[in-house]
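In the two assemblies presented below, chain A is common to both, partnered first by chain B and then by chain C.
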Partner chain A sequence: MPYLYELFWEVRWQWRLLMAQPKALLNPLLFFCLITLLFPLALGHAPDLLRQAAPGLIWVGLTLSVFLILPNLFMPDLQDGTLRLWVACRRPLSVYVLAKWVTHWAFFVLPLILIAPLLGVSLYLDLSQSWLMMTLLGFGSFAMVGIGTIGVAVMQKGHYNPFLLAVLILPFYVPILIFGAGSLQPSSESMAFANGLLFLAGLVIFTLFLAPWAATQMLKLTVAQS
Partner chain B sequence: MLWLQGPNGIGKSSVLASLSGGLPAEKGQVGYPGVEILPIAMFASHTAWLGDQNPIKPGWTVWQNLTYLSRFYCSQTVDPSALKGQLQAQNLWAERHQSAVCLSFGQKKRLMLAAFLLSRQPVWLLDEPAVGLDQTARHALAGHMLEALDAGKQIIVTSHEPFWQTLPLLNPRCIKLDLCAFSSPETGIREAF
Partner chain C sequence: MSRFWRWVLQWGQPGELYQRLVLLQPWVAVASITMLVAGAYAAFWLAPADYQQGEVFRILYVHVPAAWLSLMIYGFMVALALLVFVWQVTVAGWALNAFAWLGAGYTLMALVTGAIWGQPTWGTWWVWDARLTSELVLLFIYLGIVLVFDALSDSKAAARMAAILTLVGSVNLPIIHYSVIWWHTLHQPPSIRGFDSSLHASMLYPLLLMALAFLLVFVWQAIWMLRCRVLQEASQTPWLARRLRGMVENGKDQ
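Up next is the complex of A and B:
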């Protein structure tokens, strides 16, 4: 139980750290709105085409927005020495990784999921499906941020390389995209949603076990080299 | 009390970092009076490390920063009155509700010291603790070091200025160790330790 208490404490303080700069939320939020709203403008009045493509477009927008927030995860703490203190004071780094993951997802990604149905209106998305879509987006993006923690932990001190990060983790985002967007297609049968949800929920559990451990090992190496 | 000396870049901070566990060491054993000799990886749990960086979050107030930092040096939640005592001792009590972005370099260092002095570990590792501190704060720090030595703690310090020499009681208890003696171009400092 001390571990859970420690985790709860750290989540609360990481949340406070994010709330100290609420303006940072605008960056991914505006990016997500922009990228989704550009499609109806570019494709013109084509309701059928847009309705067909809407789930995919929203998923692509969310994936790119998640990509935008990943550098915010560990880079500030690597640069100001907080992570060296974590290692030197032997606090469990998995607590740190989990707290960063949960708070960053809740602060940056959850608002995007909440406005996704509104953006869906511009894409002629069937609004009766919006609850299903939000559930899938939630599970998928949670796993995405978790996989992202491993990728960002590999990055060297201060040298954030977006291209290298994309090469490292985008392949792991592909199945999330395929299952997430595929099970929302208007043509797909009713079982597709359940299958997609099961896959994404399983992936979340798998990532919950793997990512804190893997990111901890990588962060230890990165701190030792810095 | 051990004073590590040597020119810049010879590895004083690296020695402290590897003793604290922040830098994994391949091999080595550490011991001090009253404790049997331990492998270096086990020794890390005896140490409290004060680094050369000040991980202070600009978005938080001084009080919030201290509460967060206290978690690193004290495994339990610290009583607010203990935090208040530390802030008063470091002369930062009046600034407790200010944003940490307003703090000067020396004040940040004092805030780190306030958190560090909460630690209960028997070995202190101080990496350039006096940089940026004024004369009063240096004197107070030397006083804390003397108290810790009297309480039976061990201190390893790196510094380019022996600020503790103003305290006559502390001076004779300081052992100098020049890292130049260990470092030859072939073996390197890691081998020596």
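Up next is the complex of A and C:
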């Protein structure tokens, strides 16, 4: 239990740090809106085509937004030395990784999911599906941020390479995209939603075990050579 | 310590490793060339043409060994990653780097030959089929591991990071594979016709010969890359100086 206690306090602390600059939320929010609204402009205003493609477009937009949020996780702390202290002190580093993961997801990604149905309207998506879509997006993006912590922990001398990050983590997003967007297709059966949700929930639990360990090891190496 | 364990541990010493690789290389080279010639003769002349696909099916004898090898190399890499991560064997990190390059190469070879085979038989270069997609993802994972080695200047830290990434990939690969299969069965009817029955013996033994030949060629390539790497890392070490002095005095190689 001391672990959970420590985790709770660390989450609280990280949340306060994020709330000190609430305007930072605007960046991913605007990016998500704009990138999703680019698709109707590029594909032409054919309602049938857009309705077919809407779940996939929203998922791609969310993936790109998460991808841009990830550098926020560890970069500032590496540059101002907080991370070095975390590695040097005896507290478990996985507490830090988990707290960053949960708070950044809640602060940056959750608002994106809340406005996803609005963007869905602009893509002629059926509004009755909103709750399903938001649930799937929530589980999927949580796993995405978790897998992303492993990738962004690979940094050299305080710099990270966005292209390297893409190659490292995007292959692991394949199952999330397949299940997340696949269960929302208008043609899929009713079972598809339950299957997709169960799969994504399982993936979240799996990532909860895997990502803190892997990110901890990566962060130790990153700090040691920076 | 028993003689066996000393022998095992000596693989981790660069000087001893180099000596063994030099001794091993000609045998592997002869064996791989022999198997490759025998396998190619069996595959391209002795094996009968397929009654449906004709002569084009013979690309199978390059495609399938490359695809098998692309998965097998990842298995070897997981073992090397454990050596790097748990026991911190430096040499295993060098081997991991070489294996990642070779694995990416064989995966690319499997994808390209598959596309060339797909064009006349399925009528298309690419299908979003389960196996093709997971092979493509495997290629990206290999390339990610290669890039981690290149991105970091500290080679020991890079090896450990690549080892962690290999282990993470090894537990994720089954998930990716099965998710792709699920997707495939949901959305499109199977387009791989494959073989209606299992391969006839006259077609099967060339395949096994070629698979063995590819494995030996891979070992040969790995020995070459590892030899070069050991020399690169050992530029200032006493064992290399002794070795070079011995070569000058004896006036011969080896």
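The rule is simple: the second predicted complex is superposed on the first by the 225 of 226 C-alpha atoms of A that agree within 3 Å, B and C clash if a C-alpha of one lies under 4 Å from a C-alpha of the other, contacts with A are read in each partner's own complex, and residues count from 1 in each chain.
Convention: a contact is a pair of C-beta atoms (placed from the backbone, for glycine too) under 8 Å apart; a residue touches a chain by one contact, two chains touch by 3 or more.
Source: prediction; values computed, not measured.
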Between chain B and chain C, more extensive residue contact with chain A: C
First (chain B), second (chain C), both or neither touched by A:199: second
First, second, both or neither for A:9, with chain B first and chain C second: first
A:171 touches, of chain B and chain C: first, second, both or neither? second
First, second, both or neither for A:21, with chain B first and chain C second: first
First (chain B), second (chain C), both or neither touched by A:60: neither
Partner chain(s) touched by A:223 [first = chain B, second = chain C, both, neither]: first
Contacts of A:88 with chain B and chain C, given as first, second, both or neither: first
Touched partner set for A:75, first chain B, second chain C, both or neither: neither
Touching both chain C and chain B, counted on chain A across the two superposed complexes: 224
Parts of chain C lying in touch with chain A, wherever the complex brings them together: 85, 133, 137, 140-141, 143-144, 147-148, 151-154, 157, 160-161, 164-165, 167-169, 171-172, 175-176, 179-180, 182-183, 186-187
Residue numbers on chain A that touch chain B, as the complex places them: 9, 13, 16-17, 20-21, 77, 80-82, 84-91, 220, 223-224
Complex contacts: residues of chain A adjacent to chain C: 150, 154, 156, 161, 164, 167-168, 170-172, 174-175, 178-179, 182, 185, 188, 192, 195, 199, 203, 206, 210, 214, 217-218, 221-222, 224-225
Complex contacts: residues of chain B adjacent to chain A: 17, 20-24, 44-45, 48-49, 51, 53-57, 59-60, 64, 68-69, 71-73, 77
